[in-house]
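Order as written gives the chain letters A, B, C, D, E and F; numbering starts at 1 within each chain.
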Amino acid sequence: MPRASVTRKVHFNAAHRVHNPRFSDEWNRDTFGECNNPNYHGHNYELELTVEGDIDPDTGYVLDLNRLKQIAEERILRRLDHKNLNLDVEWFKDLIPTSENVALVCWRELRAALPETLTLRLRLWETPRNYVDYQGA
Amino acid sequence: MPRASVTRKVHFNAAHRVHNPRFSDEWNRDTFGECNNPNYHGHNYELELTVEGDIDPDTGYVLDLNRLKQIAEERILRRLDHKNLNLDVEWFKDLIPTSENVALVCWRELRAALPETLTLRLRLWETPRNYVDYQGA
Amino acid sequence: MPRASVTRKVHFNAAHRVHNPRFSDEWNRDTFGECNNPNYHGHNYELELTVEGDIDPDTGYVLDLNRLKQIAEERILRRLDHKNLNLDVEWFKDLIPTSENVALVCWRELRAALPETLTLRLRLWETPRNYVDYQGA
Amino acid sequence: MPRASVTRKVHFNAAHRVHNPRFSDEWNRDTFGECNNPNYHGHNYELELTVEGDIDPDTGYVLDLNRLKQIAEERILRRLDHKNLNLDVEWFKDLIPTSENVALVCWRELRAALPETLTLRLRLWETPRNYVDYQGA
Amino acid sequence: MPRASVTRKVHFNAAHRVHNPRFSDEWNRDTFGECNNPNYHGHNYELELTVEGDIDPDTGYVLDLNRLKQIAEERILRRLDHKNLNLDVEWFKDLIPTSENVALVCWRELRAALPETLTLRLRLWETPRNYVDYQGA
Amino acid sequence: MPRASVTRKVHFNAAHRVHNPRFSDEWNRDTFGECNNPNYHGHNYELELTVEGDIDPDTGYVLDLNRLKQIAEERILRRLDHKNLNLDVEWFKDLIPTSENVALVCWRELRAALPETLTLRLRLWETPRNYVDYQGA
């Protein structure tokens, strides 16, 4: 059975602040610079969802991308889009909302919603010039 | 003397909330929907600065784009980048930070820094799928 | 009252054939080349909807872009997305579905749905390397 | 000998219909939705051809990308560009032209035209928001 | 007769040096900075060719974009692609090859090849972050 | 400790000539075509720097991307931006400046500046339609 990966991009806008409350304000300013602004800043996040698996001979699909988009909307976008990651999203109550950690929690949430036969990889663009890849390692 | 326009793109990230304090919370929720989130959301803004004028025969330039970028950094990016538009930026003390109004205040600020012989137009991308044009009309 | 333009991009996929039934098959092949393929070919169309008007001081908007997107979905995308322009769309019963004509009929349809105080301009991308602009002239 | 991958993007436009003739019309409509439109729809496909191998010390190339582009034009674009994948392309006589299967047949065709010392991977964009990766697995 | 604009993007790579031989080396270094490097630097230029005119009722075209691309290849790309603008291109014998001037000479060359009933506008991208517009003014 | 990759894009413009001085001019013209132009041509290079490692629980970062950008500016961009790769850059004294080799020397230079616990991969875009990947293999 031939094996392929299919990818769907989804989008969300959010505010965040990169801050570790276990350290001093001075440490945070030194470490995170302008990303530590107490009043938050924000991004247009582009999230690429990649699913790898066998091509189903009946449908010619690894997975219907409309189904993947629907899962992402229910599990990810409903929680993150037009939100403040630090204040509005329970996942970041004890976790700094860097791109690395946003990708990590999205991966865990989506992983739980997909059949085990499918592999999941994520790429999260924070700006048009930087992104994070996470695949559960 | 031939006449041309030159454009330079600059970038800033910011948080904002679309909210009119002269109206009720209900009106604001009905009018602005998820953009009214009290805890803010955010964007990667791309700002295109277009300057029209004569091509200088000595330099072959309408305006040195490095100079234009420098003006934008001093006058715009220093104030807006990694900021909360509602809380950190005086321009929006009495002005709703919609894309239309962000473009308008950027135009006024840059207009004052450019020679009168040059025309100025701005395009502000709020997301990869929507933008505003403002040229002082 | 300051005046600005706001633009929203929408997307549709469609098949089409560039063919003028009033002329011979030979004329059509000579004139339209591979775009005349009798079995159709297709495109991912990107349509930029630009609306110009006064910035409303209550909302800071020229027009709510979600409203504009909704109008485009009801009036344009519902008719054109995942369709064969020649066979499935009444607008092209007697009109060759070139980009020029697709932009023209979309403009007329949207124009009728917008307040007269707003100006409408369209840009239609047929491929990432060519597009058409139409503004009702 | 250092080893690298080189990638060239090529482009084709095509119409297609996602349909499995071994199942009922009702099953096809339920499974494929608007992609099952009997009159076809279409896409601007972007195909990324990636070839991995040793860097030749005489040329500094893994493979001359103009040669790779030429192979793609002869073997792929001549067959698929401005075509109806279901009706005009023999490869899809008994194979549903989903992105997964388009990538698979392109890979087999190109694989046969390349030296065995080179590895081949393909990425096929069906729209600017979804793509398939196939590497012969 | 409805009127529209059609645009085609073409591409060329070239080396250049921004330098005015009528001034001293010091003036040139001060004025043009790193763009004055005596050994040249280079760009991937993207040139957007926009032609405005009536939509021909027989073809549905303002102008066949394949014809426009062909004119650009013969008149522009053959001269500029993979060239050193200062050394290889006669147009810049006495003209500094800034983006403004490259756009200007391309416009004059293309203008002479097009019917007078069509309006011509050019946009030349020198990098993904800056471009020049020229329309013969 | 979860593991992720972070990527930062940087940009440089340069002139180059693809030429092997150990072979005849005729061989060079036959092998490299227009890329062998004796007067050079040029590109806008986009370089994607990818670093893989553990996510630091204190910062939520694999590596601060501002630090990575700073390293790239000091070690790569200062040497290559607005330069002639053949004439101005010592790395290419005995090495043909193809994309493959540019990626290779950038990788070696950056590899030496990064902690051994981090993996480094590079993608170098020479034009918007072709790129090279190198990861030290």
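By definition in this document, contacts are C-beta pairs under 8 Å (C-beta built on N, C-alpha and C of every residue); 3 or more make two chains touch, one makes a residue touch a chain.
Computed from a prediction, not measured in an experiment: that's the story for all the values here.
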When each step joins two chains that touch, the fewest steps from chain A to chain D total 1
At the largest C-alpha centroid distance from chain E we find chain A
Distance between the CA centroids of chain A and chain C (whole Å) is 34
The distance between the C-alpha centres of chain B and chain C, rounded to whole Å, is 28
Residue ranges of chain C touching at least 2 other chains are 128
Listed by label, touching pairs are A-B, A-D, A-F, B-C, B-E, C-D, C-E, D-F, E-F
Note: in the complex, chain D contacts chain C through residues 11, 13-16, 34-35, 37, 39-44, 46, 81-84, 87-88, 127-128
Per the touch rule above, chain F residues touching chain D in the complex are 18, 20, 22-23, 31-33, 95-101, 103-104, 128-134, 137
In the complex, chain D touches chain F at residues 2-9, 50, 55, 58-62, 64-66
